[in-house]
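Next come two complexes, and both contain chain A; in the first it sits with chain B, in the second with chain C.
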Partner chain A sequence: MGFLVDAERCIGCHACEMACKNEYQSEPNVRWRKVYPINETEYSLPERNHLSLACNHCEKPECLRVCPVRAYTKREDGIVIHDQGRCIGCKMCAMACPYEVPQYNVRLKKMEKCNLCDGRLDQGLKTACEAACPVEALSVIDFNGFTKYGFVIALPGFPDPSITKPTTRFIKPRIGAQVRRDQ
Partner chain B sequence: MKEISRRSFLKGTAATGAALGLSGSFYNFLFSGLEPAQASDETGIQKFQNACPRNCYDTCSILSTVENGILTKVEGNPQNTFTRGRLCAKGYTYTRRVYSPDRIKYPMRQNGRGSGNWERISWDEAYTLIAKNILKIKKEYGSTLPICLNKYSGNFDIMHYGIEGMLSSFGNTSRATGTPCWPAGIDSQTFDMGTIVNNDPEDLVNSKYLILWGVNPAWTSVHSMYFVQEAQRRGCKIVAIDPVLTQTASKADLYLQIKPSTDGALALGMARYILDHNLIDAKWLMNNALGYNEFFDYLKNNITTDWAAEKTGLPKNVIETLAREYATAKPANIWIGYGMQRHANGGQNVRAIDALAAITGNIGKSGGGAQYAHLETWGFNYHAMVQNKPAGSAGSGDRAININNFGAEVLAAKEPPIKMLWIACRNPMSQDPETSVVKKAFEAMDFVVTADQFFNPSVAMSDIVLPVTTIFETWGVNVSYWHYWLCLNQQAIKPMYESKNDIQIAMELSKKMNELEPGSCTFPTSGDLKDWVGKEFNTGIYNQFGISDWKELEKGPVKTKAGHVAWQDGKFRTSSGKYEIWSEEAKKFGHLPLPVYREELKPANEYPYRCISPHWKLNIHSQFQNLDWMQAINNAPFIEIHPETAQKMGIQEKDNVKMYNDLGYIVLPAKITETVAQDIVVVYEAWYKDKNFNVNYTVKALPADMGKKATGMPGMAFHDNFVNIAKV
Partner chain C sequence: MGEYPLILFTVLSQLSAGAAITLSLLDYFTKIDNSAGKKSTLVVLVMIALSLGISLLHLGHPFNAYRALTNIGSSWLSREAILFFLLGILLLVYYFQWKEENSFRKSLGLIISVVSVLAVVSSGMVYVLPAVPAWNNFSPILFFLFTGAALGPMFILLMLKLTNGAFSRLVQFTAVILAASLMCFIVYVSVLLSGSGASASTGSQIVGSGIFWPRLLVNWILPLGIFAWLTFKRISPDRKVVCSLFVMVFIGELLGRYLFYYASVALKVAGL
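Our next item is the complex of A and B:
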């Protein structure tokens, strides 16, 4: 399982991020999902494009590899679960993750991250972020089943995927025509 | 203001039994505050219907989850086919709003307006102080006209019009009249068609061509964006016309960067091309419109596409292609935004755009039209609003004070002067033009009462602040000015602290006034808020929505049964019953009868940049940006500057930039971006907690050309704000 982020549909509205916080009533500065603007110089014309990112539930999760107390597990369906009960808050995972996914909860003195709404998925519900996206730009896909065509493994600003093999896939933004006064 | 400590917040919550022993915050009460077994105890879980009452197109239907008396989650209600079970970034923060430690918790008195020296008082003390002031003013001036209400769009729940009712129940009073939002465009469509009516936004999917003209739904109506994109997927071409490359424009097939305030010139240039190439719908015009021959004469004699190109900054061939595509795609739709009418010629520009839709026969069609807004579903009883004045009230009626020049008009009011303000559902200190003048008006008062939820700049300039409930703590009923759904708002939790609904405040104040001077206030002194919801309904609403009792709304929101395509019956509500391209009514209000071009305002030499101050995606005016979840995403305003302009002015990314004109200045970090043009800077309007930021310091109270007919006052030309910038 992994996220499919459709950057053509995404309007950078942060509904996904807030729906995640609403679902888990998380601490203000702990953001399991973040919406990043893609630098406007990355494409042929300036546009407002975004990456909505949470945990990438990597095939080779560095967090899992470095965690000294085995707080991380990877389920058979691919979801990388962080068990806060085991976590000692040493921040090794935060240092190892190329995507700055695990975040430190100052109050609990432990790490936390997106568990792909495992509880909701197990009940047959969509993830909170997918359920909230007003333009259906986010979905959870079966990583094994989908075609590689039409999807890309990175967009500008997304760190090198070769290290941990993230399962997140992207649909590229389509750049429309512009008639501008500075041309 | 800073005296409101965490400790007092906790004291407040303990009283409601909701504090749960957390140390200083409400975060993660599910994980740490409650015993796990208790948190997952299904028996304690309840769901409620709520409605987002903010001044927003989308007016979402909300399902709220309450666990053991605590609001733990909000979700979109999937029964609403427009909001489709989704909220927006703002809506999903509601738990943080309800349980924010920054909330105003009990009535307070400030010793020295603006001093921050607040002390807690009881409701009885507050009512006594307020009632005595009202009665004193009435005695001294012989009427209640020195009392001025400024209430508008902070909460559009129908019951909240009871605030106006409360003022009526004192006697004749002064009223902030008009709206800063959309009046020029309302008048335009009122002259053209008799009133505003838009197609059901769910009908956007049926368009073959869609022009998003000065509107940014990706930030201001996220649920509409689904239907825009769905239309696009079905082959509809999306064109965005905007001086700013907005989020919406970024998703369009074609973006046209028009010079601000020249939209009418583009529409008229297109109309000339459509006329010359015989792309008009003559049959529709003959059957449905008046004045088209005069309009065509005007086009032939005065308008060319060369002129339109010169005016708008768009190449002639682009205008001609746009005109041809628009006129030949059937149906073609235009969504006219509120931003583009916030200019000195905004109303006239909207009339020119309406005319495009008319001459191509797109009015009255599914997938077509000139969408602006509607008030078709707002036919409530206004039971809370309509209150009799006390017998023998002095004065011949209420006195209108222009909401769009509030500070100056309050200061200028004579015979009698204005001495007391009541502020509710508004933050004029942040949202009104000419902030310095507004501040002087507050300072000149004898007494200022504000009812609110947070210590915003208007509260800071008040003597008394009254804590009001959030939507989850009270009853209400909501409709939209865009979609066609009706949604009940149920009380889901007990009011936090000592907060009260504005109507309850009116009832209790009325009781106090009548104790002190029997007969001085006609507002009912008791009543059940849920019953008051019921009193807003009538058979018209029931028939429109196909229900027989308002309590059916407890099962979920309902949609109107008919009328989803505006003007489909061809019965325009003008005096002639036709679409009036030539409008005698416009003439009566001092406008030219035809949608001719009215010159846009241009920057003067000293102030060569136009500052546009649109909505920001994480707030609606003074609401939501102050909440900690929003602050975690962004907590700093900025000024957007084109790279060439920045280079010319020696400005680099994040440099502090002073934006100024003869009215005032603000200093903001620069964000260098090609989403703006070289002669434009953009600053998003907002209230940020604890930041001395306010874009309105440089905004003149300059009226838009229209608005007086439908809303009593002209609109406000917020985007004719000319400034200079300098690195500091």
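Our next item is the complex of A and C:
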């Protein structure tokens, strides 16, 4: 399982971020999902595009490898779960994740991250971020039956996917044609 | 509290590991006074316990720290904790072996040396992370080993009354280690600065930091200058000189560790 982020559809409204915070009532300093602006110089023409990211539920999660207390597990469907009950707040996972996903909850003194709304998915519901997206730019894909083409494994600004093999996939934004007046 | 507990923990634990190796090798190859050896073992043991205690202050839940011993299969932090804990236990046994001539103690000393090296290496491996390009190489292990090798022998020199031969050999060893660590540091920073992205940013942060030059001065320039002057004048260093050198290098290592944690730049989403 992983997220499919359609950067062509995303308008950077942050509704996904807010829906996630609302669902889990996370602390003010904690955002499990974040919307990043893509640098406008990354494409041949300046475009305002956004990257909505939460945990990438990587195939080779660094958080799981470095955690000294086995607080991380990977479910059979690929979701990387963080068990706050075991966490001792050593912040090792935050140091090891290239995507700055695990965040420190200053009130609980423990780490936390997106668990891909595992409880909602198990009930057959959509994730909070997917349900809240007004332009349907976010969806959860199951790689077992995923036959769609035209997606990429990284967009500009997304750290090297070869480190942890994230399962997040992206649909690239279409860059418009440049219209010039005749000389 | 930031990373201050980790700065103190890593420097103190590496100092203790270096001192444990020096003590056990001296015990194996030379003759050490029993009471001085016993006292030194106790001090090293207390330092390891202190450093482990300080490391708990970094945790959100220090009373659950015992859980950190459970992921030895993949986590270097678990391995580090277990090895330093084991080193403490071995030193406790070693402490009670300081009686007359004791071959078991000497063999135990060799085991302590191996465990000490492994503990420092595992400390370094904790920071070998692909997410921090400046650390994702041999440098954390190398510089942690240098810390132990520079501070440990000087600490034992101050604890024991050694013969002139052993004393001057250990002083020479420290001077060589300091020179080697300075060379490696220069190469490391040069390589970082010649790179790009997060590595180059780390190099710039190190060189641009306000404590870069003070660190260079107290960790290497002053101690190596004193060593060079003593050699040039053919003066054998006494305990006062070694004590001053130890204080300088210890402060230099603390500053260096501060730079290690605060100057490192990790990979970030949407570039730097």
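Methods note: the second predicted complex is superposed on the first by the 174 of 183 C-alpha atoms of A that agree within 3 Å, B and C clash if a C-alpha of one lies under 4 Å from a C-alpha of the other, contacts with A are read in each partner's own complex, and residues count from 1 in each chain.
As a convention for this text, contacts are C-beta pairs under 8 Å (C-beta built on N, C-alpha and C of every residue); 3 or more make two chains touch, one makes a residue touch a chain.
For clarity, every value in this text was computed on a predicted model and none was experimentally measured.
Colleague: Is A:140 in contact with chain B, with chain C, with both, or with neither (first, second, both, neither)?
Modeller: A:140 contacts neither chain B nor chain C.
Colleague: Quick check on the superposed pair: does A:92 touch chain B, chain C, both, or neither? Answer first, second, both or neither.
Modeller: Once the two structures are laid over each other on A, A:92 reaches chain C alone.
Colleague: In the superposed arrangement, what residues of chain A touch both chain B and chain C?
Modeller: Touching chain B in the first complex and chain C in the second, residues 108 of chain A appear in both lists.
Colleague: Across the complex, what residues on chain C touch chain A?
Modeller: So the residues of chain C touching chain A come out as 58-62, 64-65, 67-71, 74-78, 81, 126, 129-132, 266-271.
Colleague: Show me the residue ranges of chain B that touch chain A in the complex, using the header's touch definition.
Modeller: So the residues of chain B in touch with chain A come to 25, 27-32, 72-76, 84-96, 218-219, 222-223, 225-226, 229, 245-248, 250-257, 259, 313-315, 318, 617-618, 628-629, 631-633, 642, 644, 673-675, 677-678.
Colleague: Which residues of chain A touch chain B in their complex?
Modeller: Residue list for chain A touching chain B: 8-9, 11-15, 17-19, 21-29, 31, 35, 40, 46-49, 107-108, 131-136, 176-182.
Colleague: Taking the touch rule as given, give the residues of chain A at its contact with chain C in the complex, in rising order.
Modeller: 34, 36-39, 51, 53, 62, 64-70, 86-92, 95-100, 104, 108-110, 156-160, 163-164
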